[in-house]
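Taking it in order: structure first as structure tokens, then the write-up.
A, B and C are the chain letters, set down in written order, and residue numbers restart from 1 in every chain.
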Amino acid sequence: MEATVGSANTIGKLNSEAPVSKATANYKEQAAGKTVGIPFVEHPKMSMRDVQVYYGDKQAIFDVGLDIGKNEVVAMIGPSGCGKSTFLRCLNRMNDTIDICRVEGSLKLEELDIYDPKLDVVPLRARVGMVFQKPNPFPKSIYDNVAYGPRIHGLVSRKSELDEIVETSLRRAGLWEEVKDRLLSPGTGLSGGQQQRLCIARTIAVSPEVILMDEPCSALDPIATAKIEELIAELSANFTIAIVTHSMQQAARVSDRTAYFHLGKLIEVNETEKVFTNPDHELTEAYITGRFG
Amino acid sequence: MDKLSIGQHISGQFNADLEALKTELLEMGGLVEEQVISAVKAITSADSELAEQVITREEEVDNFEVKLDEQCTLVLARRQPAAGDLRMVLAVAKIIRDLERMGDEAQKIAKMALELNEEGEAPRGYVELRHIGSLVHQMVINTLDCFARFDVNLALNVAKEDGRVDQEYKSAMRELATYMMEDPRSISRVLNIVWAIRSLERIGDHSRNIAEHVIFLVKGLDVRHVSVKEMQRKLGQEDD
Amino acid sequence: MSEKLSTIDLVNKNLARRYRREKRFRAYGIASIMFGLLCLVILFADIIGKGHSAFLQTYVRLNVELSAEALGISDINDPSQFVRANYDGVLRNALRERFPEVNKRREKRNLYGIISNGAGYQLRDLLEQNPQLINTRVDIWVLADDDYDTYYKSRSSDGSEAYTGRFSETQIGWIEALIADGVVEKRFNRTFFQAGDSREPEQAGIRGAMMGSLYTLIVTFVLSFPIGVAAAVYLEEYAHKNRFTDFIEVNINNLAAVPSIIFGLLGLAIFINFFSMPRSIPLVGGIVLTLMTLPTIIISSRAAIKAVPPSIREAALGIGASKMQVILHHVLPLAMPGMLTGAIIGMAQALGETAPLLLIGMVAFIVDVPGGITDPSTVLPVQIFLWSDSPERAFVERTSAAIMVLLGFLIVMNTLAVLLRRRLERRW
């Protein structure tokens, strides 16, 4: 089996210049070149090729190629420091805030080149929203938290429209019934799970196409976690979701495909059920069965 | 691509749990194998005592099944196993069901031995019984071996052998049916032998099931309800 | 060696010593606090003990004949006559009436010294408001001179002991006679809070210095807070970390430690000599103090900005807020309490600062209460410095009183800051 992996690696890197359609046509071959499984799909919402990320001199991500299909939930798992969060934060250029971080390769949101130097990140982040590890509502009222995005992007012209967006967002986040009587009380007064759902409501209020979630449940108790997972399942009908998680059970429960990162490399991407019953790569198997020292 | 191993978990207790599952399953397998041999021997050597013994020991097999079932449930609840570990637990849970049925069949054979001893020897069928008995015995041994060593090729052999047992069974049936037509007075005695051979054939089928579970366990491939050729094709493709 | 003690025995053996050490350690802390408190109590006791009497002022009641002739007023409808009238004359007449035995020229002059030479203005104000009093006899309370004030305040109730200073027997006789008449009284010293500086202690007030301090601080705050916050925001949020910003950072820290008199010299050289701005005005004082407080405000503002949780910044960025929106909507409101604290500390420093103001001429003797930032003025600490330097004994108590006012000013400022913080502080 050593030999199998070794020979797969020698097939060579995929050509980043190749147009996406061509890349998907022979994705099997290319997948064998880098990553085991099925990293590429047809008509992807986001497609990443040959992504390298450096922190100063240190390379954090090596040759990662991955597609995220429309309305698909892709889970990224892997041990701490494997680069999954770093990769996720490349997808809406949150890494820009780190001076020494440098990203190479092609990252595309449909036809839009995410790392085009001329690109304004503000509209990009309106299309690719993000939910963070720690629930981080603004120290403002629940209403203002949700209304913040639509306000700064100028999505609404009248108060009634804003009210409507706030209500639908909170409803979609499954929070409306719990907070409708206290919209003007501070968002920080909610419980951890409610805060996280508020953050999700805040993100979907600007109607992004893709939602990135960076370990959204790691600070929550199991019941709050179950609610968020339920919410992710509902949201996947309308949004494309990429989620980084430390909980393999969570990845198994919520995602359509699972990507396994190891030391900055994308080892395997497969249908979630495949990954959790019979992964192709021994590293994936070792990780999900709890064999890492 | 044999990548199955049950050790090296971060949790040593998890290793021990899985190891215990495996050894106890093999113990149960050993017991069932002994039951099958004893039952066949009870008929061929007309040994009522041995037959009684097989019937009483069937309870031990049942106890094994209950105990292993419980252990499987516990591992599932405690460890939420994934991938190879998950397949291991699932396979064990399925294999014990087949082993228990094999035990039941051995008990049936032993009951036939008792009836033969009461009604008198059957005029025909012992040769076939012994022949099929030894084939099935080998199958059972191989089945347990392929599980113990997670050996896919051996499992494939077991599946192939099951085909041979089925053929032997059919020809034995044809022959005994012919004999019964010739000598209707011996029908009830020959029928006892027929039931015993039928049970052996069932044991062979269960062995094949177990072999299929082993293939699922090792390869993660579902090879139930397919021909041996199809099975080979699936495994062959996998090996590419 | 022979017998092995179990762990618990060893622990117990050391327990007593450990507790003793703990107690000692705590005692050190309590002792330090007690020492600090003691110093504070002594300081306050001294200041209040010396200064409390300055809030009272001795008045003398005189029976004054307000004859139009003596005053020199012929037409009561002519305001200019009121200004020029001879108030001192009638007051002197009243004194001579009370002590008719005084007739030597020298003694007369001493006698007139019983009342403050500001008493004439007091009479003028009274007559301007009530012209119908002319040609009547009225009892009015006039300010006593500072020497008599000091004597009266230090006098024990039976008159046996008092601070006599340079008084002659006759003078003591006069004042004792007045006290025996019951026409000497201590009243709340309104002059102290309403007047500007004066050579005469009984007429000297703190208001000029207070207003000067207020105007100076307003200028300082209006300049230093926005500049300091803007600099801090740039350094924290925008500036890339490189040698240049390191250099700036080191220099800001150094500036905070530069002796304040250097800033005074800088103000003198640049604002007064180069830009030819007038001396002694709060505007220049405020600018100089701005230079001095800026490092403090920048350093504390940067700390406050750094303390804003990055999760809030990320949240806003993740929704697509621009850098400026993140700073204006989230970082600044959250950092505001911290930045205000820094600003208040800086202001308190500025309030107590004397040295740089001496150099730009805010040490001048200014009688008028300033009405704006371009009027010459002095400030509270400089006023304290000036009075502590004055020979008159009555200035001693006024110095202490001015210190009390300065402390009161500080307490008000700090309370304001605490209230402001409480209003602005938000939990996250």
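One rule holds for everything that comes next: a contact is a pair of C-beta atoms (placed from the backbone, for glycine too) under 8 Å apart; a residue touches a chain by one contact, two chains touch by 3 or more.
Everything numeric in this text was worked out from a predicted model, so none of it was measured.
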Centroid comparison with chain C (C-alpha atoms), farthest chain: B
Most centrally placed chain - per-chain CA mean versus overall CA mean: A
Mean-CA-position distance for chain B and chain A (Å): 48
Chain centre separation (chain B, chain C; CA means) in Å: 102
Centroid spacing, where centroids are CA-atom means, of chain A and chain C in whole angstrom: 61
Multi-partner residues of chain A (each touching 2 or more other chains): none
Parts of chain A lying in touch with chain B, wherever the complex brings them together: 1, 4, 248-249, 252, 275-279, 282, 284-286, 288-293
Chain C partner contacts - residues on chain A that touch it in the complex: 92, 94, 97, 99, 121-126, 129-132, 134, 136-139, 148-149, 152-153, 186, 188, 199, 202-203, 206
Complex contacts: residues of chain C adjacent to chain A: 240-241, 309, 311-322, 325, 329-330, 333-334, 426-428
Residues on chain B engaged by chain A in the complex (per definition of touch): 1-3, 8-11, 14, 79-87, 219-221
